[in-house]
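Following: one structure in structure tokens, then a few remarks.
Here the chain labels run A, B and C in written order, and each chain numbers its own residues starting at 1.
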Amino acid sequence: MQFKTNRLSSVIEWGSLLLSTAIVCFFIAVIIWEIFSKGFSVLSWEFTTMVPKEGMTSGGILTPIIGTVLLTLITSAFAVPFGICCAIYLNEYAENTWVTRTIRAAIRNLSGVPSIIYGLFGLALFVQALNFGTSLLAAGLTLGLLSLPYIITTTEEALKRIPNSTREAALAVGATKFETIKDVVIPSAMSGILTGIVLTLSRAAGETAPILFTGAAFYINGSSGYVNQEFMALPYHLYMLSTQHQSIDQVRPIAYGTALVLVIVVFLLNLTAFYIRYKYRKDEN
Amino acid sequence: MNYKSRITLDIVFKVVFKATGYLVLALLGGIFAMLIYNSISFFLDVKPFDFFTGMEWAPTAKNPKYGMLPLILSTTLVTFGAMLIAIPLGIGTASYIAIYAKPRVKNILKPTIEMLAAIPSVVIGFLGIVVLSPGIADLADLPNGLNALNGAILLAVMALPTIITVAEDAIHAVPNAYKEASYGVGANRWQTLRKVIIPAAAPGVITAIMLGVGRAIGETMTVLMVTGNAALMPTGMFDSVKTMTATIAIEMGEVPYQTTHYYALYAIATVLFFMTLFANIVGEFFINRFRKYHAV
Amino acid sequence: MLGAMLTSCSKKDNAIKMKGSDTEVNLAINLAEKFTELDNEFSISISGGGSGLGITSLLNGQADIANSSRPLSDDEVQQFKDKNIELKTVIFAEDATAFVVHKDLPLEEIDLATLGKILSGEITNWNQVIDIDLPINIYGRQSSSGTHSFVKKKLKIEFSQAAKEMTGNAQIIEGVKADKSGIGYVGAGYVAHDPNANTKIRIINIKETPDSVAYSPIDAETINKSLYFFQRPLYQFVLADSWEKVKPFIDFEESKLGKKLIEEHGYYIIEK
């Protein structure tokens, strides 16, 4: 094979790769700049602690913030125990039968299912069949289902990293399998598990499609957080302010503020996950 | 705690853990059953042929029409446009990070790209409305910039992190032996990249692309906010289009439960489900070949 | 965390779900804000989405009140009957659509036929109507607007392709203020209550035929007597089962304070 070592052409080619990277970084920069610069002026202590007033053209976004927090709590209350138990089953108990392989395939497929289909399922199951109506509970459980595959996968990977020798040592001193898992494996895998949970929650907090018809409302008075009622949430609030509001121009600054708060929340959660991961790697070494 | 209760606890939890595994199966089964059940209810009212080839989606007209061709074409157009942008940029960036970037640059780039992946879709859609729409409108002299092009660009931005991360892993995983052999016969970095590394990483790169495609097809909020939502047969990138996901999102709230229109939306969701399933299966097929290929 | 879950678990049975018309949603929110100041046991969630969505939500059992800028269609009446759902209807305001032109355009009144021809694009220049040579610019709303459909239906026309689609009353007024050849349609009360608007734009009076009496949409007596061609009631459909729960809020809407808020939003109250 003859290779042409042409200096100019390899510089051009290297340049084109650099250009792609630069374009991608440009996108990221535009996004961050736009949201932070226009949202920052709206952000203030009052903004995050006041409820929306005057048809949401003034006041703050306290109600959507509380809604998102409660929603995430319900999501984790459901998905975390469920997901960890399933990961434990897959990694600690399951044998390589076709049932296990089917379960694993099911999890992989579930993680690829579009979020709107989870919304439809939540509508059919929680809102209609179980008669929770459009409510915080229905939406939280729907998001919980959405988060399940991801928690299972990340927990399983964390469990895999614990060497079998650790488990065997525990069994050798007389622990039952359950006790081994409870007192040895899980604590050792905790940082990986926590990372997965935090990342999943950051994704759930930003989801809009599954809550569209399971309980998000345009406005609720007061900051009520009752599970059988509708609620406001940050992503839905942003969606409404930017597309459906009567005075779109008037509320535009609040929309930027909402976007900024949402992005900050998501970034903080991600940074927390990074930190946990980083500390874990440090401890391991 | 005495021995007997410890053993009991052990058995109880074994059952609990096993049950959650089966519940996951029940979940996927439930979703699938719901989709199929409602789609069948739909096909009792409307012929499948009319559904798949009909060119008019007008479920609230006096003579309701449930042709999903405009919707499926809209989704295809936007996804295709997104991939046109995201694939070259994604592979290029992945190559740069894996081969050329110094470790310090890498340590900044990789987390930054992960952060991009974390940005909620509604925020990206919002930016499409406030930044991209006026931009496109100015450049192309249109009354507004809510069209397929806007959607394609935003979907590309959302698919890029997935494509970059998976492709970068694939490129990075190509054994050093290949690279050294290539340098050994006198190729430089670029030639090595193009003729040796990328082909070796091809299965992983294809996985990356298919995962990106799956993400783009299933994305709802972004396209809902910026593509204009006109259920017409698309003729070009500057047309207003209505994707399958946007149709479900917009119309589900307005439809009485258990009517033909309601079932029609589930039928669309079923097609959507199979499309993303297909993209994911193809991606998985290639990731297995990738693993086998590098069983060195 | 468990404690937070438990405390937020307590149910509240007097919560009201209100959905429907986007035109009415802002008014509903304002009414709810004011009512909450008076009664803090009151709990309501409000969403827009269109009159159609409101009515559907009633059918689906996901709402107590539907705001609607149109009456129920025959199909809908049948659907409610089929499900054995009883409804109570409240008319809480009257809405009138005003047609506006620039102050300098010498047009004071117009008959329906001519108006129809202008809006459908049959007449394209003002010189076919009055003595000014200017091409006509139409400022209207998008097709999802209840007002857009209302005007279309009343005049029995399809809007001209050249009609501009603005997203709200404010935009239409801004457009006509700046355009000497513009004509647009907005909520009458909106214009009447905006002190600045009258300096730059004029509301034209509507007469049914070239020879009949021309009526103004900002004359309360005209509206009361239902003499203005483009007026319509704004409805709230309430589930009969939820009536007890909802009644305090309905009473508030009909109280003096409620009526004042409604008028401030640009609607009329029909004195019965």
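Heads up, the rule we're going with is that contacts are C-beta pairs under 8 Å (C-beta built on N, C-alpha and C of every residue); 3 or more make two chains touch, one makes a residue touch a chain.
Note that the coordinates shown come from a computational prediction; the quantities given were computed from them, not determined experimentally.
A.B. asks: Counting only C-alpha atoms to place each centre, which chain is farthest from chain B?
C.D. replies: C
A.B. asks: Decide which interface, B-C or A-B, involves more C-beta pairs in contact, and give its chain pair.
C.D. replies: Here the pair linked by more C-beta pairs in contact is A-B.
A.B. asks: How far is the middle of chain B from the middle of chain C, if each middle is the mean of its Cα atoms, in Å?
C.D. replies: 40
A.B. asks: Per the centroid of Cα atoms for each chain, what is the distance between chain A and chain B, given in Å?
C.D. replies: Computed value for the inter-centroid distance: 17 Å.
A.B. asks: Would you give the residues of chain C that are in contact with at least 2 other chains, written as numbers and ranges?
C.D. replies: 49
A.B. asks: Mind pulling the residue numbers of chain B that touch at least two other chains?
C.D. replies: Residue numbers touching two or more other chains: 253, 257.
A.B. asks: Can you check the complex and tell me which residues of chain C touch chain A?
C.D. replies: Interface residues on chain C, with respect to chain A: 1, 4-5, 8-12, 15, 17, 22, 25-26, 29-30, 32-33, 35-36, 40, 42-49, 61-62, 167-168, 170.
A.B. asks: Taking the complex as given, what residues does chain B use to touch chain C?
C.D. replies: 60, 253-257
A.B. asks: Enumerate the contact residues on chain C facing chain B in the complex.
C.D. replies: 49-50, 52-53, 56, 59-60, 79
A.B. asks: Touching residues of chain A toward chain B in the complex: what are they?
C.D. replies: Its residues touching chain B are 1, 3, 5, 9-10, 13-14, 16-21, 23-25, 27-28, 30-31, 34-35, 82, 85-86, 88-90, 92-94, 100, 102-103, 106-110, 112-121, 123-125, 128, 145, 148, 152, 176-179, 202-203, 205-209, 212-213, 235-236, 238-239, 242-243, 252, 255, 259, 262-263, 266-267, 270, 274.
A.B. asks: Per the contact definition, I'd like the list of chain B residues that touch chain A in the complex.
C.D. replies: 6-7, 9-10, 13-14, 16-18, 20-25, 27-28, 30-31, 34-35, 38, 88-93, 95-97, 100-101, 109, 111-116, 118-127, 129-131, 157, 160, 164, 185-191, 194, 214, 217-221, 225, 245, 248-249, 252-253, 257, 265-266, 269, 272-273, 276-277, 279-280, 284
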